[in-house]
Amino acid sequence: MESSKQAKLTTLRDAIATHVADGATVAMEGFTHLIPFAAGHEIIRQGQSDLTLVRMTPDVIYDQMIGVGSARKLVFSWGGNPGVGSLHRFRDAVEHGHPHPLELEEHSHAGMAARYTAGASGLPFAILRGYVGTDLAKHADMATIACPFTGEELAAVPALSPDITIIHAQQADRSGNVGMWGITGVQKEAALAATTTIVTVEEVVDELTPRGPNHVVLPSWTLAAIAPVPGGAHPSYAMGYSRRDNAFYTRWDRISRDRDVFRDWVEEHILGTEDHASYMESIDRGAGHV
Amino acid sequence: MESSKQAKLTTLRDAIATHVADGATVAMEGFTHLIPFAAGHEIIRQGQSDLTLVRMTPDVIYDQMIGVGSARKLVFSWGGNPGVGSLHRFRDAVEHGHPHPLELEEHSHAGMAARYTAGASGLPFAILRGYVGTDLAKHADMATIACPFTGEELAAVPALSPDITIIHAQQADRSGNVGMWGITGVQKEAALAATTTIVTVEEVVDELTPRGPNHVVLPSWTLAAIAPVPGGAHPSYAMGYSRRDNAFYTRWDRISRDRDVFRDWVEEHILGTEDHASYMESIDRGAGHV
Amino acid sequence: MFEVQPTLPSYSSDEMMTVTAARFLSDRQVCFVGIGLPSEAANLARLSHAPNVVLIYESGTIGTKPDVLPLSIGDGELAEKAEFVVGVPEVFAYWLQGGRIDLGFLSAAQIDRYGNLNSTVVGGYEEPKVRLPGAGGAPEIATSAGEVIIMLRHSERAFVPSVDFVTSVGFGRGGEGRPERAGRGPTVVITDLGVLRPDQSSNELTLVATHPGVSLEDVRVKTGWELAIAPDLAITEPPTDGELEILRDLKARTIVAHGG
Amino acid sequence: MFEVQPTLPSYSSDEMMTVTAARFLSDRQVCFVGIGLPSEAANLARLSHAPNVVLIYESGTIGTKPDVLPLSIGDGELAEKAEFVVGVPEVFAYWLQGGRIDLGFLSAAQIDRYGNLNSTVVGGYEEPKVRLPGAGGAPEIATSAGEVIIMLRHSERAFVPSVDFVTSVGFGRGGEGRPERAGRGPTVVITDLGVLRPDQSSNELTLVATHPGVSLEDVRVKTGWELAIAPDLAITEPPTDGELEILRDLKARTIVAHGG
């Protein structure tokens, strides 16, 4: 909790270098919408390793990070390429230990959401009606707990409090307050549950002006750093700013199936680019021949 | 839970007569803003009794209902006349058993909010860091519970699931979806925690059009009845529609101090009026000589 | 009666499956919908016989009426066309766990004869043959929705004697029945070959209908256990022209909108 | 030095109290504010030396900058001038319990020498002499805020040897100290007569300053226990002209806005 402070307006490179250390527990949230791809790419460029990656829906960005070996462990509830199929780098890590074994801590969506909510609420655990009759209970970090009033048995899950949460939002104002709208997933809870929160934004504005439903605000004093990264969610999208690049998700299936094709793609588009703007240029340029 | 249904657009008189029975547990929520006064007055007119009244901040409307003897029990966390002082009818009931004794079940705001949230979430109880070091624990319905992961002791409170929740909102659309904005307190949770929910609204519109922050929607299929009652929050207010009648709250202190003055006021303004429109006329007319 | 002689069906098996599932939805039901075939079926129902069906996606879009099918659970279309949008913790706590969902859709990689589903792993958990995406919202949809409709293409790989992992409970590994307070569970399984429903006493999935042109043998070879057959086995009504037109229009609009 | 000779103070004791409390707020602190004197003090601080102080009211209005003082905790002014507005469950769960509040204000009908507060009942709980409004947000403000500022007018009825009911814990009935994980608790008590702070070793409230023109005896007779006095007892700096001007402008605007 970084209270009594104001978010620092900085570059993505500086934000990641300052706050993301080897071995950290990092949550990069975004429920299909507003996924912080640019931040993930910057972590790949800087090479932080041994990370515990946390995310309800690890998708292509975590596939990339797992594929280059950033992650020691994954805490998650659904790991697929949305609308397409498997995450091949994730599967390769789990099925064949490539590039190295990946420890899994897996929950249901309801469990993960409750865990973040407990973290944001300063509670050590959350209760839910969950995991009933499943084999998940054997592998998830959970317990059962009896209601002190009715005796009913419920699931208990430990709070999630990442070292760093990274999200992408539509806007920040000049005081560092962040606004996002549309599908905001579990981002508010993930941000408030973390010790340190970094936000990339589409733009810095004089006043937050939502252009869609469900406006969520995170005040400056809950955030450590804000970096303007227009298009920073690509191939995910930012409602009001960009559309989802569905073709990229389909293309990713082919890129990620093969270790060498994947490696080449990372070399060219992430390691071979300086920042998100040049990544975006490289993607446009390369779109035809990937 | 009245799912798969659509809210019935009806009159307040019909909604109260249909859904509020003697002995029911009734929550009428509104955090200073959007207090369902008109609905409380209608219960006084219809004479339902032996009610368990639930509300975080019982204020003037519950003072009136307690004063006429509607309530057997009060579940609450703060009972005062906001910005003015005591609720004299509430005090008379608790201190002198007039018009009859009032059973109290009292919590903190945090505890009540957690109880409603558990009710809305289909859980039998909620946990919070609360009541620590206080005498409240001796009088509130609560327990302590140990975190199964850290061993830390926390407070547990039972879910609140009222038979009927009644709230006042700014708008309903023609399908019966309700929209409210501004300070929305615990109304969403109270509505979703109840078996039956009644909403009075300022107006019925073609499309919900919030004119302030924090737009909260309750879909038609979670509600039993909607009654248009313009000004139905008076002397509380509806952001975008009316201002708080601060003078009334001050006046209430004088009216409610004396049993006879109170009784006369109720006779004239509630029992002596047919509905909320005539109550509003009587208040304007009577404002000079109360 | 020349018109009824067998011809090549003018619809695909996926269309048959989607149309069949759509018919199980009633107007004003509140449905928790996933991407893919369930989303097609639910929107077909909304655009045909159930105009007031309430569709909720786990991304927090409530009462949404998309003009085109979403490709992901979090497409902008879902938010733009929703009655309102809430955060993911709320959708699971207040809306699903709160008992407000009449009907949930589930799919999986494996199903057993008691409607237990696996979307976690093929093979052992520690030594997986195929690592699947995992649970997502399924475990709690399976126990918090009033009932569950399962959509799954028939194959011996999918219809297995014993699932490798119970991601979502049906009637339990031994068919012992539903957990307490857990809704009715799977009431129907719709495949590309037919329709199965749990037997009232044994809880075992029983073939109650085959789609037109599908033989019993077709179903049996693609089911990894000895399949129970209802004595009054029916044949599914083929898609009507109206159903097909609405479904194909929806998919055509979708292709245009998503740019192919 | 004729200028410093005693004159009638040109400010009220409530103004002295408000100004003193305002001075305890620092810029960028996050403060959980109640109605009445705390609201006056917090907004005075915001309009003078602490322009970026973050004010949160339990009605869910976060980062609010009211032009006029609210009469109730849920005035429209608070919502209109807020950075954002959330529901009451969220304000208690994510913002207070989540550990994001640096400083909370409390008041009460009774206080004891260890800063325990009673806003529930005078007399026995079952046989009350005076039934007070009750706990509201106080019990959790007392234990979840980083520290607590108490504002309370001095009187023998208020400063009692033993509170009739512990609504909010200070250092415990016996001064035994703070509960675990419960913040620093009361760091200062500001009255219309002076300022008290808990002794570092005994936790007992100790008079550390009197307001100008207030004698030790004035304070002692209005304190229901034998009051500990700091050896270096100070005299509060009187309100500056600037402080008074801002405070009085604020109150004048408030009267106009609320129609008297």
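By written order: A, B, C and D. Residues from 1 in each chain.
In the analysis below, contacts are C-beta pairs under 8 Å (C-beta built on N, C-alpha and C of every residue); 3 or more make two chains touch, one makes a residue touch a chain.
This structure is a prediction, so every number in the text was calculated from the model and none was measured.
Chemist: Which chains, if any, touch subunit A and subunit C both?
Modeler: A chain counts here if it touches both subunit A and subunit C, which gives B.
Chemist: Considering only chains that satisfy the touch condition with subunit A, which of them also satisfy it with subunit D?
Modeler: The common neighbours are B.
Chemist: Once you count every C-beta pair in contact for both, which comes out on top, B-D or B-C?
Modeler: Counting C-beta pairs in contact, B-D comes out ahead.
Chemist: So which chain is the furthest away from subunit D, centre to centre on CA atoms?
Modeler: Chain centre farthest from subunit D's centre: C.
Chemist: From the mean C-alpha coordinate of subunit B to that of subunit C, what's the distance rounded to whole Å?
Modeler: Taking the mean C-alpha position of each chain, the two centres sit 41 Å apart.
Chemist: Just give me the whole-number Å value for how far the CA centre of subunit B lies from that of subunit D.
Modeler: 29
Chemist: Return the distance between the CA-based centres of subunit C and subunit D, expressed in whole Å.
Modeler: The answer is 58 Å.
Chemist: Listing for subunit D: what residues touch at least two other chains?
Modeler: Subunit D, residues with two or more chain partners: 84, 93, 97, 144.
Chemist: Going by the touch rule set out above, which residues of subunit A reach two or more other chains?
Modeler: Within subunit A, the residues that touch at least two other chains are 117, 122-123, 128-129, 152, 188-189, 213, 215.
Chemist: Pairs of chains that touch, anyone?
Modeler: A-B, A-C, A-D, B-C, B-D
Chemist: Under the stated contact criterion, what part of subunit C meets subunit B in this complex?
Modeler: On the subunit C side, the touching residues are 26, 28-30, 52, 54, 62-63, 83-84, 93-94, 97-102, 144, 146.
Chemist: Where on subunit A is subunit D touching in the complex?
Modeler: Counting only subunit A, the residues touching subunit D are 1, 3-6, 117, 120-123, 177, 188-189, 192, 215, 217, 219, 221-222.
Chemist: What residues on subunit B touch subunit D, complex-wise?
Modeler: So the residues of subunit B touching subunit D come out as 31-33, 56-57, 76-80, 82-83, 86-87, 90-91, 94-95, 106-110, 113-114, 116-117, 128-136, 139, 152, 182-186, 188-189, 212-214, 216, 237, 239, 243-244, 246-247, 249.
Chemist: Going by the contact rule at the top, pick out the subunit C residues touching subunit A in the complex.
Modeler: On the subunit C side, the touching residues are 35-36, 58-61, 71-76, 78-80, 82, 84-89, 92-93, 96-97, 120, 125, 128-131, 133-140, 142-144, 165-169, 172, 179, 181-182, 258-259.
Chemist: Write out the stretch or stretches of subunit B touching subunit A in their complex.
Modeler: Answer in residue numbers: 122-129, 141, 143, 145, 147-150, 152, 154, 156, 158, 213, 215.
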